[in-house]
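Have a look at the structure below before the remarks.
Chain lettering (A, B, C and D) follows the sequence in which the chains are written, and residue indices restart at 1 in each chain.
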Amino acid sequence: MSLVETIARIRGEVCALHAELTRYELVVWTAGNVSARVPGQELMVIKPSGVSYNDLTPEQMVVTDLHGQPVNGDATGEWGNPPLSPSSDTAAHAYVYRHMPDVGGVVHTHSTYATAWAARGESIPCVLTMMGDEFGGSIPVGPFALIGDDSIGQGIVETLKNSSSPAVLMQNHGPFTIGKDARSAVKAAVMCEEVARTVHISRQLGEPIPIDQGHIDSLYARYQNVYGQ
Amino acid sequence: MSLVETIARIRGEVCALHAELTRYELVVWTAGNVSARVPGQELMVIKPSGVSYNDLTPEQMVVTDLHGQPVNGDATGEWGNPPLSPSSDTAAHAYVYRHMPDVGGVVHTHSTYATAWAARGESIPCVLTMMGDEFGGSIPVGPFALIGDDSIGQGIVETLKNSSSPAVLMQNHGPFTIGKDARSAVKAAVMCEEVARTVHISRQLGEPIPIDQGHIDSLYARYQNVYGQ
Amino acid sequence: MSLVETIARIRGEVCALHAELTRYELVVWTAGNVSARVPGQELMVIKPSGVSYNDLTPEQMVVTDLHGQPVNGDATGEWGNPPLSPSSDTAAHAYVYRHMPDVGGVVHTHSTYATAWAARGESIPCVLTMMGDEFGGSIPVGPFALIGDDSIGQGIVETLKNSSSPAVLMQNHGPFTIGKDARSAVKAAVMCEEVARTVHISRQLGEPIPIDQGHIDSLYARYQNVYGQ
Amino acid sequence: MSLVETIARIRGEVCALHAELTRYELVVWTAGNVSARVPGQELMVIKPSGVSYNDLTPEQMVVTDLHGQPVNGDATGEWGNPPLSPSSDTAAHAYVYRHMPDVGGVVHTHSTYATAWAARGESIPCVLTMMGDEFGGSIPVGPFALIGDDSIGQGIVETLKNSSSPAVLMQNHGPFTIGKDARSAVKAAVMCEEVARTVHISRQLGEPIPIDQGHIDSLYARYQNVYGQ
């Protein structure tokens, strides 16, 4: 498959995955985005800025380099970038791809419950077997950071590089999630909101029972190796 | 485009925007409304009173003057007003258009979380970067006002004229939002409920971390100037 | 229109109105029901017991007398009652029609927030202008009553006969609502859950501001006389 | 009907019932499963592991013995098991079928409110007539148990064998429900989340009023014998 064909395929996937963000009500209006690394290239594909989810088409997905600059093609051909700016969060996604070579997908939302924890700067404790499975422990908080430079990207990478969690709650802002590909990062965004909601609701009427770290480690090891097909 | 054609276009837009109110669950039954100013005219277009959202058609949108009186046409022709009364909130919308010349759209809902803050008469503090972006600070509360005269309109205008926020929470009543056009006012209504919900949920389990006013100002300035296409 | 034709029309309306209960998420599985009085007759039309909302057809709606006994026709003809038992709440609906001659429709749900107030035996205070409009005051609580005789019907009638509210919260059970016809009773069920939710959420973080009874009376009088077409 | 035909029918039912889990928002991504016993056989039918709900087809449902091992056919013919692993919760379902001969269906979800009670290890008190009807008392909590052996199945059976409740909240994990067939178990899962949510919300603002055990017994006896067609 040529690079032009590969990019067409990834644009289709990235576009379609935004429908999961609306389906699970992780985003309103235009406030969230999915990106994917182009495997083996210094390129990524990301949502354009401020376009409604209903109106998204694969052709509108913007191809950029790993500093967030749109790139229209290379020696092998043109892939027809649209006349649209990439997401205003592109710099943060690009920073993650530059510094975490195993990451193939990044997602950002302001999903309600995860953002509620983020507004208090509080990590989500691991009190559900589902959290042990997916996150291998608590979901950590990253620093407050303003948009406009590498601060957000740095905060994500610093927080996640030594964590089993694929999700970080950026303080006062919302969750960023990573995965081996864009679909995995979307799954992490869905599960992050699910456990943020369930643990929040549990704590409204008392303290959830902690799970021993040994049990969490067992759950995580098994799920990462045995679950699925 | 003739005035008759312009009004037909605006009726289509105002009718379609009501679908965003139901999509984001900002309204139940018939309890909410969108209006738009007819640019350059002393006219506005608004939902009829008490008609179900599912049954709305563009032709049912009522054209009124900026005192809320239905107007059927002018020297250039008839635009065929329906035999329907305009929204019972028409006077409030009209007052806003008369006193805020830059406003092109007004929305009123009783969306759950925004109305919950309104029932306590409490403004929503700016503890989310998304609030800094959209509202430039807290979302203010307007006075208790009875329907039937200019009290509601006055309360909206008095509260918003010195605020960066496009949303006001009318005490014991619910949010009104404004925008440069009807679509912007609908977006403000969606974002108002989103931040009302997220900050409410965050505060259920502790105090959210405040954001410095300097950071809020940066977020707001950037978002108003850079975001989108 | 013959009585057979009238019953066919009412069956269609009662069947269709159940879709509003699912649309506004007032019911799960088969747990809720709508009925209508047949005007001028000692007859009513109600949902069959234990049938899924998705499977409901007009022909399945059961015609009963005002003691809840199925009736298949009269001297003017047969209306083809289905071989289905009427709702297990039929006795309560019938009791209301016998004792409140102006009531043309009754609805029962276990909608979440209204039932949460009912489980505490606590009436919903009137702290929203929307409540003033629709309910003219607080939404009252009725007694605990077991199904199987007239206890539930008596509790509804005793509570509502001297109240402006078309909704009663039966203790530990859930809301019953009434209206001049089935559509009005469904609207009251939708608005009851909406205000139950909004006032609940408002009270989670403090006390809502009361509305003066004089203002409530003004809102109620105006809404009952002026709103809509 | 031959066994091959019976299995085809059950696969269709089990597949279709997963749509009720998503419709009532009891599951996200792939986190929940339905199974059914094949009547009169040492066989069961269950969802494959890690397949999206949208993509499920009847042919993908896996037939296993009552120790969870896939079985492709018997002397009467092949039923064409797919090349997919059964749900990672298969061992727990199988254990229930081995030890509770009247159970024909089992469901597992991580539905939000039921799981929130489970995370605190707290049973849901019977304060709603709907709970009396369906559960005949409180919904009990089962032990913390790791996936991988019979611990979860044992915890379910030990908790439910002396209870009228068809639902158990496994600590830190989520609800398992049983029924005479898969549809009944799905109904129990839906009603479990409904009462978990309503009682949670009721308790947020005070203590719900208890229902006398004699009244609960009356409700349960009547509902199990009279309700429905």
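Operating definition for what follows: a residue touches a chain if its C-beta (ideal position, glycine included) is under 8 Å from a C-beta of that chain, and two chains touch if they have at least 3 such contacts.
Model, not experiment: these values are computed from the prediction.
Trainee: Quick check: superposing chain A onto chain D on C-alpha atoms, how many degrees is the rotation, to the nearest 5?
Mentor: So the copies are related by a turn of 90 degrees.
Trainee: Any idea if chain B and chain C meet via the same residues, over half in common, or different ones?
Mentor: different
Trainee: Could you grab the centroid distance between chain C and chain D? Build each centroid from C-alpha atoms only and quote it in angstrom.
Mentor: The computed centroid separation for chain C versus chain D comes out at 32 Å.
Trainee: Return the residues of chain D touching two or more other chains; collapse runs of consecutive numbers into ranges.
Mentor: As it turns out, chain D has residues touching two or more other chains at 204.
Trainee: Which pairs of chains touch each other in this structure?
Mentor: Listed in label order, the chain pairs in contact are A-B, A-D, B-C, C-D.
Trainee: In the complex, go through chain D and note every residue touching chain A.
Mentor: Interface residues on chain D, with respect to chain A: 28-31, 48-51, 84-85, 88, 110, 112-113, 115-117, 119-122, 144, 146-148, 171-174, 200, 203-204.
Trainee: Can you name the residues of chain C that touch chain B in the complex?
Mentor: Chain C residues touching chain B: 24, 127-130, 187, 190-191, 194, 197-199, 201-202, 204-209, 211, 215, 218-219, 222, 226-229.
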